[in-house]
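My structure is below; once you've seen it, I'll send some questions.
Order of writing sets the chain letters: A, B, C, D and E. Residues in each chain are counted from 1.
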Amino acid sequence: MNLVVIFDALLIFSMLTLGWMSIFSLSLFRCIVFFVCLGLLAAIAWGQLGAFDVAIAEAAIGAGITGALLLAAWNRIRPHRTKAIEPNLTNAKTSQKDTKEHV
Amino acid sequence: MTSALFYSMAGLALFAIGFFGVVVASHVMRKILALNVMGVGIFMFLIALAKRNPLVVDPLPHALVLTGIVIAVAGTALALNLMVRIHHIDQSSQEQSK
Amino acid sequence: MFNKLDIEYDGPPVDKSALSLIASVLVAGLLLAVTITIVLSDKGHNTGLATVITQNIELSGVTNPVTAVLLNFRAYDTLLEIAVLLVVVLAILPTRDHHTPFFKRIEVNKQNLVLSALQCWIAPAVVIFAGYLLWAGAHQPGGAFQAGALLAGASVLLFQSDTYQINYTSPIARVLLVLSLGVFITIGTALIWFEGSLLTYPLAFSGLLILLIETCATVSITLALASLYSSFIANENLSITDNKHRTIE
Amino acid sequence: MNDLSSSLLLPAIVFLPLLAAIIAYLIGQNRLQGPINICFSLAQFLLIGLTTLLFLHEKTDQSERYIIGGWGAPLGIDLIVDGFSILMLALTGLLTLLITLYSASYFSGKYSASDKSLRFWPLWWLLISGLSALFMSADAFNIYVCLEIIGLSAAALVALQGNRAALQAALRYLLVGLLGSLFYLFAIAILYRSHGTLDLMQIAETTNHSFPDKVAMILITIGLLLKIALFPLHFWLPPAHANAPTPVSAILSALVVKASLYILIKFWFDVLGETTTLGASQVLGALGGAGIIYGSWCAFRATQLKLLIAYSTVAQLGYIFLLFPLSEYSMGVSSFTGSASQAAVYFIVAHACAKAAMFLAAGNLILAQGDGEIAQLKGIAVREPLNVLVFAIAGISLIGLPPSAGFIAKWLLLTTAIESGQWWWVIVVITGGLLGAMYLFKVLSLAFSTDPAVIESRAVKSTAPVSSVSSVPVSNVMTTVALILALITLALGFNAEFILNISNTVSEVNDI
Amino acid sequence: MNMSTLLPAFIVICPILVGLAVMATPEHRVLQRRSLNIGGALITLALIAMLLSGVVNGLDFETRLPLLPNIDFVLHGDALSLLFVSLSGLLWLFTTIYAIGYFKNSANRSRFFAFFSLCVGATIGLALAGNLVTFLIFYELLTLVTYPLIAHKGNVASIKAARTYLIYTMIGGVLLLTGVVWLKVLAGPLDFTSAGLLAELPGLDNSHLQIIFFLLIAGLGVKAALFPLHAWLPISMAAPAPVSALLHAVAVVKAGAFGIVRVVYDIYGIEFASDLGLTVLLAVIAGFTIIYGSVKALSQDDLKRRLAYSTVSQVSYIALGTAIAGPIATIGGLVHLVHQGLMKITLFFCAGNLAETLGVHKISQMNGAGKRMPLTMAAFTIAAFGMIGVPPIAGFVSKWYLGVGALEAQAYWVLGVLAISSLLNASYFLPIIHAIWFKEQDQPWPKEVAKLRLETHWMLLLPPLITAFFALAVGLFASSAYSPLTWSALIASREYQAIFPDISDIALKYSTGHLWVLILPTLLLFAMVFKTLRAKVIRLIPLAPLPALLGAILVVNEDKVEQSFLLLTAAIWFIAALYAQTYMTNDNKKHRFYLFFIITMIGNLGVVLAQEISSFIAFFALMSFSAYPLILHSESDEAKSAATTYIRWVIFSEIVLFLGLVGKTYYAEFSTNELPVVWVATLLIIGFGVKAGLATLHVWLPKAHPVAPIPASALLSAVMVKVGLLGWIRFLPLGDASINVLAQPMMVLGFTATFLAAIYGALQDNAKTVLAYSTVSQLGIIVASIGFALANPDSWALLLPAIVLFAMHHGFAKASLFFCVGLSSALKPGHKLTPFLWLLVLVPALSLIGLPLSSGALAKAALKDATSSWPLFSTLLVMSAIGTTLLMGRFIELMREQAILNASSAKPNWRLILPTVLSALMCLSYFYTPPFEFKQFQTIVSTLSWSAVWPAFIGFLIIFVTKKLRAKLPVPPAGDLLIVYQALASLSTKTWQIIANLNASIALYIDMMLGHLHLWSLSVSRRLSKQLTLDRPGTIMVVMLATLLYAFLT
């Protein structure tokens, strides 16, 4: 039980947790943030495994660019203050439409 | 039991979590995230695979993962783009109906 | 799974109708666990291709094995991968605009000091570092993708300020976007002429050619990633044109 | 130039579309797109034609390898062509040429907005290059990349219409594709782990009964089934195929689903043939059978023309999956030989031509009628006789009536089923044919109907100032292309040996 | 690649190319399309002719292309395929011409003609197919290209029809496909080989083959409209007429039938098939379908629907012929392929003409159509008679061979099927024929096209005429070298090879001696067709029988029977014609009368001259049917009823005769048994007995005579009934063997009729009815004599001259008496000619009674002499004179009453008197020189015997004594037993109706149940599809993953 093993274990545990949370967190924003964290931790883990090329790429692309894209998209679909008045109504409408589309 | 083995198991677990998320999550974005988590899981598995012999690092999986990461980001971007566009159409139709 | 694609912001994280499926997904998890044990129970191939790559690395023209694999041994994959990126760029980029120049600086009266400082000092540094990454990719970790990602990150920073605007649909941008693919194909095909086989670098020039390809790839990747990001920022334009589509249809 | 393995031909088949994509992207003008792209498609067609001829001419070795970068199999990536892949390539070349011709009219600005055309062409060529690369690939990971090119570009093409339904369908399609690819990638990782190589043939050489290989096979199967849209996983296909622009629908149904199928067949019979079990093949067959019935039934109930055709694709894919239970299974290995493989190959070819023709004809009809509702097609046979004819011929092939390619395919299938004593598949196939006739003739009988009341009401409708439907005269090129495809379908009903000769070489590949 | 390998392909490709070219022809280029169509049809015909001549010369034509491994696409010209190909090619040409006329101004012609040509192409391909797979390909192609044709009109009905058609044929196609694939797997390449290919293959499981056979037959049976699979055919009547014509005659229906032939003969091989027990079942189904279709046709008012059900019935003849499994039946089935095509296409052409020209679709609207469209309707009539099986039209030939074949295969029930079917055919076709010719138009035509120069467009008119002509010609010249029949025989001989019998003796050769005597009547008949000539021709009609008369006197002397009958017939026709010249002068329907007069004459003379069975029965039918309008002439209610009765009995007799003659032919040629077959003789006796007034079958006589015009009545009684006798003489084994079983009933019936008819007749109050009963009575004597001859073959040599003598005597006497009825107005006392005229009445009457010196006395003496071996017979013969006297007395009584009643100042017409005198003269033995050499009666003196006189006294005594009594008695209705028959008939009709009602209510119930079922299935499917939306792909994927895991890991 040396330090590396503990470090690895911690890393793996937190990655799994982040993996779960980046999907099932209550708010989408948090999901994205957790996902970026997951990417960064993955980069560390891969550095740990000797894959430095991949680690750099993951940090830059997997966490960085993907995170930026996600956030930008999130920003686009997030309800803005002016439009957040009748969330229920819009909800109902879209879901109606959804069911139509599914056929 | 090497650490690579743990990592590869972690990769598989991430894959499973991601798949679970894909099946269960409701929002598109969550599904996209879940797919990405699956991807990370596979990448992890591959990289752990490269290190399964503690003495030699196999660079081939690294190359594969590099390629995979780019493809994943491309797919994510496209999916997000489509999602945003659908959202936009919904919104504008709502405005019109008002 | 993908049948209902919910895009409302305030939805629950889990599809209510899918909750009943958790049990079955647990079954799937179980199965996956079985998979894991099965996979891990097998010893597998010991070293993969590590030895072969080490043996051939001399012939590849670079010393970083990952770069060797990416741009020499499996250059074909990389070529197609760039094509994948191009697909997405093509799919996402807004309708073209021939009039706005490729690069434009907008004078803004009110300037954010921190941001402008970042732009002034950090951006060039990032560019230099990216150049280093690219150069170093030949013998140590680094390479086109990483460099491209870095540069794209830098451009993301630039856009936060609205000071600079890049028109990704201008002719120059288009040429730059397809530059890597074009160069890759040209070199690959030309090599058939000289060496008799696709993407067979002559030993003497392989380092140079790889560097050339990588440089071009960096440019294209940067532009591609940045344009992807910008498409979300400048989405208003896109949506307007989309509206036009709708009226046409 | 007479040796495929050293010639320029094979890489050119991939690179030419890529080049075309670049050029199509760089050309800003809409006017030039048509001619240039037609030239490219012609060149591509000739290339593939030449390749096919060379391949048939050589005949010495059953499969040809092309080594990229001079490295050879485990290290580098090889291209490989055998009979089956040559056939798929030829199909790709043919359909590329014809659908490009069609698209040149379809996107000429008369029928669609100009920016759509500008977006279409590069994506189109990328899709074609992806398909061509896929059919030649001998490398498992390379196949993954090709699958991604295909998946992403196809989704982007589906989204081209830009309306909500199309976007939603495209999104769903994209996500499905990504998920399927991830499963495949996972399987590749497992395979690499146990074989230390990515080359398909080398994997095949070292395959044994081991568990990891089995797991990989399961993952590949499930991932590709998702992409192929075999019956219970077909949910994404009908909306995607129905909402895409007509040429895209055509290529999606004709080739894109077949690409995944091609890979599945390759893995199932060649690469990981050792791992398959009788039970698994029966499961696939059962799903195929269910797909035949269910797809036909849904097609019968569909109210939109293109949706009907899309559901018919679901049904037709089911037929091909009967290959799995019907193929020879000896000593724990099922092989892609004998009449089952012939049937499947023929089915793929027949369905590709017929379905492409059908989609194109349907697109023309929809253009002419201004509406995709089947009920609106009443009396269309009078105004668009040729397109209705094409639709009918394609439909005949889909039902499996002579003289058409579909008949030969069905004949082979039935023969195999009876020969192998699995008569229950006969019932499935026959029922599927009848259901097919039901949905096809539902459309045709409407097309022939000249109910005066309906025609009058339509006349009133069209003279009314606020008309929701706008009809455009269909250009001759579009009709002609559809007709050519239909005629090819017919012609294939008479010279089956030709196709089968090409694909026969498949059988030798798995002797390794 | 030379001609022999390319020709079949060319023949198939030609129509297909034409179809494609037409499809590409713009709608408005009428000329181009027409020339393409007709040119294509002509070229195809020429190619077919080349093929035909090649095959006749023994060349082998085969196009063979590889289709699949081990499967070739084969087009092969063999005899069977050529039969069908020639038919298709020929009828295509006609139908094309017809369709051009039919679609003169309608839309979508290019489409129509394109698919039309394709349809023919498919049919030809199907015919030329050299193996089962090729056959299947064209079979399915045919299904497809027919669909647009049926749907052509585009209205709701035709779309529905097309859909129904498709559902049926698709299911059929699928069954066929399954069968073919299965068989292919078992037996390799399924090349058609005569004598079948399966029998030689070893190691086949018979039960598999049986199942395959059912699959194949079910698949083919859909198109061939075998019973449970026929429902699409009547519905597809919604198609335009040319399509229906093609569908029913050549393309679809025949394709099925042809396929059945192919499967049974060239795949299974007939022996193997019957060994497997398959043919019997097929035959039963076919037989049932024949009857079922006919019964359904009866109740249809829509003309095309009736024709459609008729097709259902008729096409099964082919299957039946195939399944009976004997070489001769095979010939019948095969030839029906052609014959039915020709006839049915004619019928549909005519139906189309009616619809197109007059807008008539329903049979109830067709009254009087014959006047408006005589040519069309003539064609219709010929075809309809052919369908019924009236000789010598095509349909008869098929039935004939089927019948003989059935006997050969000992499938006696088939004869029953044939009989019932013919009966039913007659009952649904004859009313139509009656309506078009003999009913007055009672309502305006629904949608009449403006009158053209011809009755309709020439392109509509020509095809039915030609096909009707063909239908007639192939029947008439059936035994010629190039007839379909000969060809079918060739095919059959190849199929059966070794066991094929020599069939030359049963061939239908219409050989008639001294045909020249018919030339003049025939010429006159044709002249009658032209309106302008009619009036002149009528004057010449008395000349028509003169050649025959001269011939009888001068030329015809080889056969005394023939000579005598010819003499009698010709003489009476001559006299009747003379009589009619005056009698009919003021009749407004005299043209019709003369037309049928002359036809009947031809028939009658022909019967006498006929040399063998087929021409005898042909002329017999001609005479019988054409006498119908003569009886109907006045069109009073009595006449209608009498004519109906008459025609019913005619049909009955024709059918019975058909069976009898079939039996006779068969046993004459193939039976080793020397003894005559009783049932054949019975049938012959009954069949001719109807005509010869055999008691219990005589009922039409007393009905028909009073209503017909006098010349017609005279002819009926004097000559036409004698044809029955002639038939007996010709076809019963008289003088060869004794059939006691039949002899006694005949004698009993004969004498019963003699006496009872006399009594019954004596109570009648119509002179002509009395004469009719007299005829029945006199014929009773003849019947009894025949009976005697049956019992005592040795006496035949004596009896034959006596019977002939008796018949001739009766003919002349009865004719005179009828002619006298026409003179009744001149018989009133007071006129100076009256005594002379009364003499004209008395001479034949007394001659009939047999007073000495009369011809009657001579005849009776001869009979007595011939039957002397059995005294009772002679006694009864003598006694019969009492009855005759009764009748004659009654007759004279009535004439007197009538003379007083009808007293008019009109002078007796010399032109009426002269013929009467002529015929009365013949009643005196002096003027009467029978062609026989009667050695025993060289002197008339021998007639002077007491026995000739006393019965007359008794008779007259009774007349006088019972005059009061008789006046009190009610007049019994003419037609005696007919009342009973009618009661029986109405009873059976009622029963039938009850059954039909029951049937209908059951059908309604089933419909209702099906409706419920449909609704239920709809709701279930809706519910299912709601639940089956499969909107949980995630779950599905997980489950699939689990399944695959399980499947792979276990």
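Please note the rule applied: contacts are C-beta pairs under 8 Å (C-beta built on N, C-alpha and C of every residue); 3 or more make two chains touch, one makes a residue touch a chain.
What you see is a predicted model, and the numbers here were worked out from it, not measured in a lab.
Novice: Using mean Cα positions, find the chain sitting nearest the overall protein centre.
Specialist: D
Novice: Which chain has its C-alpha centre farthest away from the C-alpha centre of subunit A?
Specialist: E
Novice: Can you name the chain that lies farthest from subunit B, using the mean of each chain's Cα atoms as its centre?
Specialist: Chain E.
Novice: Out of A-B and B-D, which chain pair has the most contact pairs?
Specialist: Looking at contacts between chains, A-B has the larger number.
Novice: Could you tell me the distance, in whole angstrom, between the mean C-alpha positions of subunit A and subunit C?
Specialist: Subunit A and subunit C have C-alpha centres separated by 19 Å.
Novice: Round to the nearest whole Å and give the separation of the Cα centres of subunit C and subunit D.
Specialist: Result: the chain centres lie 29 Å from each other.
Novice: Using CA atom averages as chain centres, what separation in Å is found between subunit A and subunit E?
Specialist: The answer is 91 Å.
Novice: Centre to centre, by mean C-alpha position, how many angstrom separate subunit C and subunit E?
Specialist: Roughly 89 Å, centre to centre.
Novice: Spell out, as numbers or ranges, the residues of subunit C touching 2 or more other chains.
Specialist: Each of 1-8, 13-14, 18, 21, 25, 28, 35, 39, 44, 46-49, 53, 66, 74, 77, 81, 84, 87-88, 91, 143, 145, 225, 228, 232, 235, 242, 246 in subunit C touches at least two other chains.
Novice: Where in subunit D do residues touch at least two different other chains?
Specialist: Those would be 141, 145, 148, 152, 155-156, 159, 162-164, 168, 171, 175, 179, 192-193, 211, 214, 235-236.
Novice: Using the touch rule from the top of the page, what residues of subunit B touch 2 or more other chains?
Specialist: If we look for residues of subunit B contacting two or more partner chains, we find 13, 15, 20, 22-25, 27-32, 49-50, 52, 57, 60-62, 66-67, 69-71, 73-75, 77-78, 80-81, 83-90.
Novice: List the residues on subunit A that touch subunit B in their complex, please.
Specialist: 4-5, 8-9, 12, 15-16, 19-20, 22-24, 28, 31-32, 35, 38-39, 42, 45-46, 48-51, 53-54, 57-58, 61-62, 65-66, 69-70, 72-74, 76-77, 83, 90, 93-94, 97
Novice: Which residues of subunit C touch subunit D in their complex?
Specialist: Those in contact with subunit D are residues 1-3, 5, 35, 38-39, 41-42, 44-49, 52-53, 56, 72-77, 80-81, 83-84, 86-88, 90-91, 95-96, 98, 171, 174-175, 177-178, 181-182, 185, 188-189, 192, 195-201, 241-242, 244-246, 248-249.
Novice: Using the touch definition from the top, list the residues of subunit B that touch subunit C in their complex.
Specialist: That would be residues 5, 8-9, 12-13, 15-16, 19-20, 22-31, 49-50, 52-53, 56-63, 66-67, 69-71, 73-75, 77-78, 80-81, 83-90, 92 of subunit B.
Novice: Contact residues on subunit B for subunit D in the complex?
Specialist: Checking each residue of subunit B against subunit D gives 15, 22, 28, 31-32, 35, 38-39, 42, 45-46, 49, 52, 60-61, 64, 67-68, 71, 74-75, 78-79, 82-83, 85-86, 89-90, 93.
Novice: Help me check something: in the complex, which residues belonging to subunit B touch subunit A?
Specialist: Of all residues in subunit B, those touching subunit A are 3-4, 6-7, 10, 13-14, 17-18, 20-21, 25, 27, 29-30, 32-34, 36-37, 40-41, 43-44, 47-48, 50-51, 57, 61-62, 65-66, 69-70, 72-73, 76-77, 80-81, 83-84, 87-88, 90-91, 94.
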